[in-house]
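Look at the two complexes coming up: chain A is in both, with chain B in one and chain C in the other.
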Partner chain A sequence: MGTRIQTLGKAAFVLPAMTVVLALLIYPVLSSVFFSFTDRNLLKAAYEFVGFQNFTIVLSNPEFWNAFSTSIRWTVGSILGQLLVGFLAALALERVPRLSGLFRTLLIIPWAFPAIVIGFSWKWILNDVYGFLPNLLTRLGFSEQNVSFLADPSVVFWAVLVINIWFGAPLFMVNILAALKTVPKDQQEAALVDGANIGQRFWFITMPHIRKVVGLLIILRTIWVFNNFELLFLITGGGPAGITTTLPIFAYRTGWGLHQLGMASAITVLLLLFLLAIASIAFRIINSGDRKALR
Partner chain B sequence: MIYTSTREGSTIRSRWGAKAAALALAATFGLAGCSAPNTDSAVPDEDAPLTGDIVFWSGFTQGPRAEYLQGMADKFMTENPDVSITIETFSWPEFETKWTTGLASGQVPDVSTALPNQVVEMINVDALAPVDDVIDDIGRDRFSAAALGEGQKDDVSYSIPLYSHAQVMWYRTDLLEAAGLEVPQTWDELKDAAIALNAPPTTYGLSVPLGTNDMMGSRYLNFYVQSEGGALIDDSGRADLTSPEAIEGINYWVDMYKKTSPEGSINYNITDQATLFYQGKTAFDFNSGFHIGGVRTNSPQLLESIAAAPLPRVKADDPIYGGETSNIPLVVWNAGDNQAASKAFVETLYADEDYVKFIHSVPGGMLPALSDISEDPAYLDDETLQQFGSSVDVIEEVIPLGTAIGMENGPTVQAGIITSQGVIEQMFQDIILNGTAVKDAAKTAQDKLNQLFVTAGVTFK
Partner chain C sequence: MSRRTRAYPLVLPYAFLIVLAIGAAFPLLWIIISSVKSSTELAHDPLSFWPSDFTLEHYRHVLFDLGAIGNLGNSLVISLSTTVLTIAVSATGAYGIVRFFPRVGQRLTQLLISTYMFPPILLAVPYTAIMIALGLANTYVGLVLAYLSFSIPYAIWMLTAFYQTVPLEIEEAAQVDGAGKFRTFFSIASPIVLPGIVATAIYTFINSFNEFLYALLFINTTDRMPISVALYSLSGSEVLDWGAMMAACVIVVLPSVIFFLAIQKYIAAGLSEGSVK
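== the complex of A and B ==
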C-alpha cells in the first residue's frame, strides 16, 4: 500500500512536467506526422487522407532538393565556422588573466540580440547603396564600387554564412570555456613535466575532458541551424534566385504562401527524419569514444 | 475519407478514420473554441443595449492611425458601457500568418482590417459575415462600385472599404529641372530620363526591386502590361506571362534594371526600395501617397522636391489608366459572438467628422473611400493635402480606374497567389542572374503559377 502511494506521489510530481512535454513537444510532432498524410489546407475545414502523395510530390520537386542541398551547406558551414571561432575565442579567453569577464560579456553580445534585430541590422549594414560596410570598403580602396553582398550570387551565401557564424560562435565559446575550466590543472602540469608539447597536451588531456560538451553542442546547434528560418528569411528572403532558400524557407512558402499544411507537414517530417538520423549517428560517435576511453 | 474540423462541425466518415482522427482533431481544434455563425446577434433587438467583448485585429501599426483607432474604441465603450473592445495590432505580413492559423484553430477576431486578396480567401471559406446592412447604413452610393466589388460574392458584400490608395510615379522635381527634363509620360521617356539622371552611387535613375520576399516585380510588370491593355491573369483565370505585352514588359524592366538600378535591388523588398527614395538616392519611384509621409519623416528637406504623376503609358496620347488600386477594407468575422456590437462599432468609424480625422492621420497616403468626403471642406483643410494638392489629385484620378493586381476580372484566389509566391520575382532573377532567355523564363513562371492555382483548388473557365 505504502509503495503504491509512493508511486502515485512520484507520478503526481512528474505529471506537470510530462503534461508540458506532451503539449509542447509530442503533440506538434504527432500532428505534423498526421497532417503529412492528408491534403489539409490551412483555410479549409475538410481534408482527406492521401497516403504518401505529399511525400511523393515533395521528393520529386527539384526545388526541394535545391533547398535540401543549401540547408546542408548552410548547416555544415555554420557549425564548422562557429566551432572554430568559438573554440579559438574560448582558448584565448582562458588565457586572459584580467578582465576576462568583460571580454566574455562583449563576445556574447550577438547571442543576446533577437534574430529580427540582427536580421534587419545586417540588412542595413550590407545594403549596396547606403550600407555601412560596402561604402567603407569602397572608401578604403578595397573595391571600385560598392559590393552587393546580398545580391551577388557568388557572394550572398558566404555573406549570410559569416553572419550566422558571428551570431552562433558565442554559444560555443561560453560552453567550451566552461568545459575548459574543468580540465584538471595537475594533469596539465604532470604532462608538462613529462615533456609533452602544447599539441600533445591539448589532444591527450584537454580534448578528452571537453569532447562530450563539444559533441553535444555540435548536435544541438546542427539541429537549430538546420531548422533556422528567421535569420536567412529576414536578410535574403531565400534569394536571389533561390541561392539561400533552405528547407525551412521552402516549407514556409508551401505552408503559408499556398496554405498547403499537408505538404508543409510532409517537408517537416522529412526534415525531422533526417535530423534524427544525423543526431543518432552523432550520439553513437560520442558514445563510442566513451567506450574506447573505458577500455 | 473526408475529415472536417470542428470549425464546421465534425463529419468524419468511416469507422477507423473516425477513431484516428477524433483524437487528433479533438486535440487540434477542440481546445480552440469552435463557433458557428451567431445568428442571434446578427438580428439584434434594436432597443437592447449593445453588449459583448469585441476583439479587433488591426493592421495599423503606425502611431497616428493606431492612436485614432484606440480613441474611437474608447469613445464607443464610453457610449456603450457593456461593450469591451480590445485592439490587437499586427503588421500586414504578420496578419497573413495570424488569420490563416487563427482560422484553422478557431481563434479569429470579431472585426479586422484585411487586404483585398485576403478578403477573397476569407469569403471562399465562409469566414466573413455579410455587411450589406452596415454599407446601407453608411450609404452605399458613397462607396465606389469597384471598391465594393472587391469584397462581394453572389451580390453579397463581405467587406467595407475603409480607405483607398493607388500607385503613381513619384519623381524628383529638382533633379529633372537641373537636367532640363520634362516629366516623363511614356515608358520610353521614363527610361531616357532615368538613364540621364543615373549617377551612382549618389543617385540612381530608377531602382527596380525584384526580391522574392515581396511582390514588387509583379507590381512593376503589372504596370507595364496594364498600360498595354493586358493583364497578368487572362479571362480563363490562368496566368499570362507569355503574351506580347508581358514579354515586352519583362524585357523593359530587365533592361531598366541593368541601366538605372542598384545591383542589390535584385533582392529588394518594398522597404528597401522606399528607403532609397526617402534618402534621395533615386530620381523616380512608384508608390502611393504614403511616400509623402515617408519623405517627411526621413528627409524633410526633400519634401519640396517630390511630386507625383500618372503611371507612364506606351504612347503619350494613350488614356491614363489605373495600374494598381488598393481599397483597404474592414471585415466582420462570422465566428464572432457579438456581431451586432461589432457592426455598430465599425459604423462609427465612418461618421463624417471622425472619418476625416482618421484619413488625416496619414494625409495623402490614405484617401477617402467615401466619395463625398473627398470634396468635404473639413477634409481639404489639411496642410499636407494643400501642399501636395496636384499629386493627390493624380492619385484620386486613378483610384477608380484600377484594381488590386490580378483582380481585373473580379475577386479571385489567383490574385493572392500571383503576389505572394515570388514566382514573377524568381523569373526576373533567373533572367538577370542566370541569363535564361526571357520567353523561356516567362513560360516556366507561367506554368508554375498555373500549377499553384490548381494546387489551391482553382478551376479554370
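== the complex of A and C ==
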C-alpha cells in the first residue's frame, strides 16, 4: 500500500511531461499519417479515405521533385558551409591569446536573430535599389548596375545559402569550441614533444575527442535546416519562379494555399520518412566509428 | 624556425576572425543605423554610415501608428505563458526522470530527442484540424499549446543534464529531516540548478517570441498577432516603409541578442554533455 502511493508520487512528476509528449507529438504524427490517406480539405469538415492516391499524385508531380532537390541542395550546402566556417572560427578562437571573448561575442550575434528579422534585414541589405551591398558593389565598380540578389535566378540560391551559413555557423562554432575545451592539454603537449605536426595533432588527438559532438551537431542541424520553413519563406517566399521552394514551403502552399490538407500531409509524411532514413544511417555511422575507436 | 611557427599562425586566425566578426555583426549594425535615418536619407544615400539627420520617428510610427506595441504585448503574453508552462512541466519531468526512473528515463530522453525530427509543418496539419474541432483557432491558448510541442522536449533535455549534477546526499539529508518528494524537488534540488532553469526559461522565451510558422497558420486577426507575424503582414499590405520595418526589427532583435549572449554557455553545455551519454 505504502509503496503504491510512493510509485504514484513518483509517477506524478513525469506524468504531465508524458501527457504533453503523447498529446502534442505522438498523436499528431499518427494523425498526420492518417490524414495523408484522406482528401481532407482545410475548409471542409467532411473527408473521405482515398488510399494511396495522395502519394501517387505527389510522387508524379515534377514540382514535388523540384522542391525535394532544392531541399537537398539547400540543406547540404548550408550544413557544409556552416560546419566549415564554424569549425575554422572555433579553431581560430582557440588559438588567439587575446580578444577571443570579444570575437566570440560578435560572432554569436547572427544566431540570436529571429527569422523575421533575418528576412527583413537581409532583404534590406540586398535590396536592389536602396540596399547597402548592391550599391557598394556598383560604387566599387564590381557591377555595372545594382545586382538584385534575391530576384536574379542565377544568384538567388547562392545568396540565401550565404545568409543561412551566416545564421547557422555560430551554433557550430560555440558547440565545437565547447568540445575543443574537453581535449586534454597534456596529450597535445605530449604529441608536440614527440614531434607530431599540427595536422597530425589535429587528426589523432583533437578529432577523436570532438568527433561525437561534431557528428551529433551535423545530424541535428541537418534535420533542422531540412525542416525549416521560415527562413526561405521570409527571405524569398520560395521564389523567384520556385527556385528556392523547399519541401516545407511546397507543403505549406499545398495545404494552406490550395487548402489540400490531405495532400500536404502526404508531402510531410514523405519528408519525415526521408529524414528518418537519413538519420538512422547517420547514427549508424557515428556508432560504428565508436566501435572502431574501441578496437 | 620556432619563431616563425609561433608568430605566423597568429596573423592568420586574427585576420580570419576580424573578417568574420565584421560579417557577423554588420546586419545588426546596419539595421540600427537604418532605423534612425530619415526616409529621405534612406532613399538617397544608401551607403552613408553616419545618419545626417538622426530621427526616432520610425520607432514612433511603427509602435503607435502601425500598432506594433499591441503585437509586442501579444508576443509577451504568449511567450511568457509558454515559458511558465514549459518550465513547470519540464522541471518536474526532468527531475522525475533523473531521480525516480533513471533507466526508463534514458529511453524517454532518446524519444524526446527523436521528436526533434518531426517537421513543424507536419504537426501543423493535425494541429489545424484539432484547433478547428476544439474552437482554438485564432486563440492564444491554441498557439501556446502548439509551442509546447517544441519547447518541452528541448527543456526536458536541457534540465535532465542539470538535475543530474545535484548530489544525492543533500537530498537524502533533507528527506531524513522529513521533507517529502515535492518539497525536496522544490526547495532543495531546484534552487541548486536555478541558473540552468533560468537559462532554459530564457531559451524557451526567445524561441517562442521568435516563432513564425505556427503563428502564421493559427492566428488570423491583426489584433491577436504576435509581432513576428504582424510585421510579416505589414510587409504585404502596402509599399514597404523600410525605416519603420528596420525600427521594428531593432526592437525585436536587441532583447534576443542580449539574452542570447547571457545564456550561450548553457546551450552549448547541454549539447556536449548530452552527446557524451
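FYI, the second predicted complex is superposed on the first by the 285 of 295 C-alpha atoms of A that agree within 3 Å, B and C clash if a C-alpha of one lies under 4 Å from a C-alpha of the other, contacts with A are read in each partner's own complex, and residues count from 1 in each chain.
The rule is short, and it goes like this: a residue touches a chain if its C-beta (ideal position, glycine included) is under 8 Å from a C-beta of that chain, and two chains touch if they have at least 3 such contacts.
This is a predicted model, so every value here is computed, not measured.
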Ask   = Are chain B and chain C a fit on chain A, or do they clash, once the structures share the same frame?
value = clash
Ask   = Touching A:S31 in the superposition: chain B (first), chain C (second), both, neither?
value = both
Request  = Examine A:G239 and indicate which partner it touches, taking first as chain B and second as chain C; both and neither are also allowed.
outcome  = first
Inquiry  = Once chain A of both complexes is superposed, is A:L137 in touch with chain B (first), chain C (second), both, or neither?
reply    = neither
Message = By the touch definition at the top of the document, which applies to A:L42: first (chain B), second (chain C), both, or neither?
response = both
Task = Considering only touches as defined above, state whether A:A151 meets chain B (first), chain C (second), both or neither.
result = first
Query = Once the shared chain is lined up, is A:D128 touching chain B (first), chain C (second), both, or neither of them?
reply = first
Ask   = Of the partners chain B and chain C, which touch A:F113 in the superposed model: first, second, both, neither?
value = second
Query = So, does A:L261 touch the first partner chain B, the second partner chain C, both, or neither?
reply = both
Task = Would you mind checking which one, chain B or chain C, touches more residues on chain A?
result = C
Ask   = Touching chain B and also chain C: which chain A residues?
value = 27, 31, 42, 45, 127, 130, 135, 233, 256, 261
Message = Can you tell me which positions in chain A touch chain C when the two form their complex?
response = 9-14, 16-18, 20-21, 24-25, 27-29, 31-32, 35, 40, 42, 45, 85, 88-89, 91-93, 95-97, 103, 105-117, 119-122, 124-125, 127, 130-132, 135-136, 139, 166, 170, 174-175, 177-179, 182, 212-213, 216-217, 220, 223-224, 226-227, 229-230, 233-234, 248, 251-252, 255-256, 261, 264-265, 268-269, 271-272, 275-276, 279
Ask   = Can you name the residues of chain B that touch chain A in the complex?
value = 1-5, 7-8, 11, 17, 20, 24, 27-28, 96-97, 100-101, 103-104, 121, 124-125, 200-201, 204, 210-214, 262-267, 269, 272, 275-276, 279, 281, 417, 420-422, 425-426, 429-430, 433-434, 452, 455-457
Query = Hey, which residues of chain A end up touching chain B in the complex?
reply = 27, 30-31, 34, 38, 41-49, 123, 127-130, 135, 138, 145-146, 148-153, 156, 233, 236-242, 253, 256-261
Ask   = chain A touches which residues of chain C in the complex?
value = 9-10, 12-14, 16-17, 20-21, 23-28, 30-31, 34, 42-43, 46-47, 88-90, 92-97, 99-101, 108, 111-112, 115-130, 132, 145-146, 148-149, 152-153, 156, 181-182, 185, 206, 209-210, 212-213, 217, 227-228, 231-232, 235, 242, 245-246, 248-249, 252-253, 256-257, 259-261, 264-265, 267-269, 271-272, 275-276
